[in-house]
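Structures follow.
In what follows, chain A forms one complex with chain B and a second complex with chain C.
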Partner chain A sequence: MNDIPLLPIIGDAEIALLEKLSNANAVSGDEGEVRAIVLEQVRPLVDEVKVDALGNVLAVRKARQPGALRVMLAAHMDEIGFMLTSDGEDGLFSFALVGGIDERILPGKPVKVGKDHVPGVIGAKPIHLQEEGEDERSIPVDSLKIDLGPGGENKAKKGDRATFATTFQRVGPSLIGKALDNRLGVATIIELLRHAPDSIELIGAFTVQEEIGLRGARVAAYAINPDLAIAIDSTPAYDLPLWDGSENTVYNTRLGAGPAIYLTDSSTLSDPRIIQHLVRSAEAEGIPYQFRQPGGGGTDAGAIHKQRAGIPSVSVSVPGRYAHTPALVVRLEDWQNTLRLLHSALRRLTPDVLAEPRP
Partner chain B sequence: MSDTLLPLLKKLLSLSGLSAYEAPVREVIAEAWQPLVDELSVSRLGSLHGLRRGQGAEPRRRILLAAHMDAIGMMTTQVVDGLLRFTEIGGIDPRILPGQPVIVHGRRELPGYVVQPADRLLPKALRGKPVPMSHLLVDVGLPADEVAELVRPGDLISFAQPPIELGETVLAGHSQDNRASVTAVTACLQELQHMRHAWDVWAVATAQEEETLGGGFTSPFEIRPDLCVAIDVTFARGPGVSSDQRTFPLGKGVTLGWGPNIHPALFEAFQTLAKQQDIPFHLEVMPRHSGTDAYATQIVAEGIPSIVIGIPLRYMHTPVELVSLKDIRRAGHLLAEFIATLQPDFMNEITWDKANE
Partner chain C sequence: MKSLIQKLVESIGPSGYEGATREIVRAEIAGLGDEQHIDALGNLIVRKGHKAANGLRIMLSAHMDEIGIIATHIDENGFVRFTTIGGVRPHTCFGGRVQFVNGVRGVIGGERLESQDKVHTFEQMYIDVGASSRADCPVKVGDMAGFERPFLDLGNRLVAKSMDDRISVAVLIEALRQFPANSPHEVYFVFSTQEEVGLRGATTAAYAIDPDLGISVDVTATGDMPKGPKMEVGLGKGAAIKVRDGGMLSDPRLVRFLVNTAEQHNIPYQLEILEGGTTDARVIQITRAGVPAGCISIPCRYIHSPSEMVDYGDVQNVVRLLTATLSGPITLE
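The block that comes next holds the complex of A and B.
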């Protein structure tokens, strides 16, 4: 283990792993492709690994000293996407949305269908054939089809999943790809297991079905029964200029400003002791961080903190623009700093943190 | 020969070449046509002219095949906090834009995406509704200071969606409208290598069709052909489009236009030939503006008898336009067969009231 640097650094190998994770398809309830990558990655790093009844991957890296805290790190493997709902007459399949997708972004997009990633497209009515004012109305998903071309009815079947066909790319300081919500979290936990401190027991929970109701995290937290939990996810950066030039006061988070620590979202009030621990760890090492603007949204922490008799929890996210669209845009430095912050906090974590009374 | 068509079309669908900025695609077409024609030139407005001489005695009559090569796209109007506002070149439904990969042609080529600001960032009246182009942005993944140096108003934004093969015969991509037809003209030129034809053939990849029909007006003026054929895409049946007479099945044949832009005797000649040759086709009624270069070619100089051949295409003016290679080959074959039938006295048959005589 001596050849592993103490501090995790994101280099070409780590980005290549994220790319593989981003290009894999894992619509909620069909996480097998990502699960296979995760299992391959974590097996050499941990003492125990299992796949539970829902498909969560639970990977345990034991402490190397007694009396250690047991820490759950949760990141969901699943992504938003589609399920085919018809038999695909003439290669045209009806489909339903899985997870929170804004139907305004569907027309004119390429998709990948099924285990073989069969290429297809979601088309749109030609502008030439539209009535006046038609472009002011949304196109309902019921009227759209996934088009696999002539003979496509033999290439996929009702019940198959589909995702946007975006290919991961690195552009200047940015990483752009589909499903970076939450393959970033998945990749982050893999790196933390690789660089796990000996002073704590670290349990990586790669969860399923987050996008349709935090279902995997709920049972994972029950089974793990940790002393505390950190959900690692992606959160929207709404840091765009406003149409009228006025100040954007609802940016949620900003790209380039570091990992986003959650104070409160729509389903969780983060444990203030762990927030303080994160802040102290960041400031001790000069790691940039930001508080996510309070309110809205949610992560696996919403299910975890109410499990059993209560599990002190917090969420830390990599800020990203355009979540739940074909292309999420994140800054590499934000991911690196998220990893640094979490590593620092885990290294410094002692039972004293939770021994403090809650405020 | 025709196995070179798919790679050519894929290459054409991977290039920009927006209206009035056709050079990237013009160069590739010129390369493809070079071995198939006797002369190549570029017009003042940017159309590519390829002359393939006939074997008849001089002075020879001329037929012009017009397929526009320009693509729809966008142009930067403002750079604000590292993001771009833009307008359209050609007609684009803003509802297909959010999430589209693009290339911004700034001081260097910048990959990016068209993005839709979250509802919380939009005026109340627009929330939950399709976001108009005025409120969409392009994000190139770079910090604001770098974007300010690299991009300025007027920089073009082209679609970056790579072509996708859907099975063996159907290709999806941006600018199938009208590079599918450029490919059909190329197929025609390839077939003519092995055929005798009396007339001169002018293959023209026209410029600026999507905005002004600029190439459609000016190239025939310069060339002064006796006949013009506009080859363009037409509406294939598909989701969201009714199955009326304005749409045609994908991969089941080309269309022959019928209406005021089309010379009835020329239509008759093509129809007769297509039936003889067993080339599947559909009648496409064009009651007013044909929506093609033929609208222009017909009224160049003292007027030129014109016709439209259509290649059915699904999802027109999106980056996932679908065309069947079968229809491209059919269009190329029909053109070549027609050219081979042209005799020096063919124009005697081309009178508007021939059918009534």
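The block that comes next holds the complex of A and C.
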């Protein structure tokens, strides 16, 4: 007997886990803090778990019946951030960007540095002291410093990572966090492992170094060599009205419209058979979904589908506004529906889905 | 061979949706191979022959996919906004026609330009499929299309929207038909997918086949047009044996072998040095522990436009060179 419901419902406990994950620091290449949370969570849920050479967590929940498909779910643990590049004389550290960050948003932002989350600020010249026209130029990252205050040089060292200091918040229907890209995916896979269907082997791959080039997923997929893979991530929603009132035709995704199924991005042409399976699953259970607009960008699926002799792959993302800034804003209902869609699709998955060749 | 070429080049098969083209290939090669399968990425892989003591396992690759577009948004008046699949250039689009994989046809229009000297950006263009509202538009977000243009036979010169790389698909089919009975090689004819978006099909096919030698067949640019690029490749001068391109240095031993083979069989050839672009051979070469690889190219004018032109004699010479290559032992020295 157990009291685990068949359908994963997001309640206070699940949100508390997401909060813990989002507030943890795991800039690419330094994912240990999130990895520790993931390991603690998944150990009781799975049959095997290991950490590979690059730091990916690979957690296997075996099928309880024969002839089952082996399904890889990938979500990256790492986040964008900064790396200190100087010795921090007088507590002022030079830094480099890790992952895709718009340098125009940096000045004046609070940050957390290193394993101890030492608070700091990215310095900015006050507007009072600026010369005319100075505010029209963006400040190159080379001339910015992270200020840890007096004695700061003893609190951090060259090579330490830093993140934006945003603390997770639940605000009405929304969730706000610094690293919901992609702790949402991490939390989603944990819930799917907790509620894993018996009919498939589920391999949760909590990957590293996605933000700097899908590096962890590549070796994870090679090692796992699954029958199919789903990358679970966060994708931008730019669904704001245009300034001139004309129709916004380039929004990528929309908040509140459900999980975003990828058709194509720069790195993957999603397998149409799995897209169809997701759509059929959503429609059978009345789960809202949207197609992410075809375009640029990429997820772990870009690395996964090209491993070995090829792996049918797709991505499903939770839409979020203001990606790769200090505050990603998502709707709780979109996360809930993402979890419902994936759970439904996994429960309904049989080898028939891949019986015919890709069209 | 021209009717086969026409069938292949007129089919619609943008990257990731090569099924229609693959069905034509499957029908053409029925009974010719010893074994065939379609892999996870949609590659059609056909094995022919057995590896003798002096033979090799060889992967030949020609990609089935073509450049195209994909719908990103249907606006309230039924116009289809789109983005590109592969290396489409905006100046080849306005006024052109497309055919979606689901059969819907449309024309490419563009917003009013401030100056006649400007070229529409992709964001300023749309596809008009004859709909007048979002509700009656037969295209959905994510639907893919290829460019539509009938095959043109100018005698020695052939023109189509997808010579890149259906002409090489035709070459591989012809080489399979003419497969030398005395070949010592186990040859995998790979009709690959997703080349135009990053050589993806050949990547997984090469891993699976684990060949001793790889040769891609693809089109290459030429320098023989008015004020054309400086490039010593021209139409009608024979099969182009690639020395290098933007992504690969051909194995020099293979280049030498192909040159010697062409000379022994009196097959016209030219050496190719291409500054940009690359082919499936790039990923074959760096698969697993590395594979000697190269490429035999078919010179082609106006690549990635709706009117790509090749020389029929060059096409036949590429078939002859491939067939001659497969007919005996291959020594890489």
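Note that the second predicted complex is superposed on the first by the 358 of 359 C-alpha atoms of A that agree within 3 Å, B and C clash if a C-alpha of one lies under 4 Å from a C-alpha of the other, contacts with A are read in each partner's own complex, and residues count from 1 in each chain.
Here is the rule we go by: a contact is a pair of C-beta atoms (placed from the backbone, for glycine too) under 8 Å apart; a residue touches a chain by one contact, two chains touch by 3 or more.
Worth saying up front: this structure is predicted, and the values here are computed from it rather than measured.
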| item | value |
| --- | --- |
| Clash-or-fit label for the pair chain B, chain C on chain A | fit |
| Residues of chain A touched, compared between chain B and chain C (which is higher) | B |
| Touched partner set for A:269, first chain B, second chain C, both or neither | second |
| First (chain B), second (chain C), both or neither touched by A:225 | neither |
| Touching partner for A:310 - first (chain B), second (chain C), both, neither | second |
| Partner chain in contact with A:295 - chain B first, chain C second, else both or neither | second |
| Which superposed partner A:357 touches (first chain B, second chain C, both, neither) | second |
| Partner chain in contact with A:250 - chain B first, chain C second, else both or neither | both |
| Included angle at chain A between vectors to chain C and chain B, based on C-alpha centres and rounded to the nearest 10 degrees | 130 |
| Touched partner set for A:65, first chain B, second chain C, both or neither | neither |
| Superposition-derived minimum Cα distance between chain C and chain B (Å) | 10 |
| Chain B and chain C contact sites that coincide on chain A, given as residue numbers | 250 |
| Of all residues in chain B, those that touch chain A in their complex | 80-81, 83, 91-101, 110-113, 115-118, 120-123, 128-131, 134-135, 137, 139-143, 146, 161, 164-167, 169-170, 172, 235, 238-241, 246, 250-251, 291, 314-320, 322, 324 |
| Contact set on chain A toward chain B in their complex | 91-92, 102, 104-105, 107-110, 119-130, 135-139, 143-145, 147-152, 164-166, 169, 171-174, 176, 236, 238, 240-244, 248, 250, 256, 321-322, 325-327, 329 |
| Residue ranges of chain C touching chain A (in the complex, touch as defined) | 15-17, 19, 22, 38-43, 70-73, 75-76, 81, 83, 85, 123, 141-142, 194, 197-198, 200-201, 203-205, 207-208 |
| Contact footprint of chain C on chain A as seen in their complex | 247, 249-250, 263-264, 267, 269, 271-272, 275, 291, 293-295, 305-312, 357-359 |
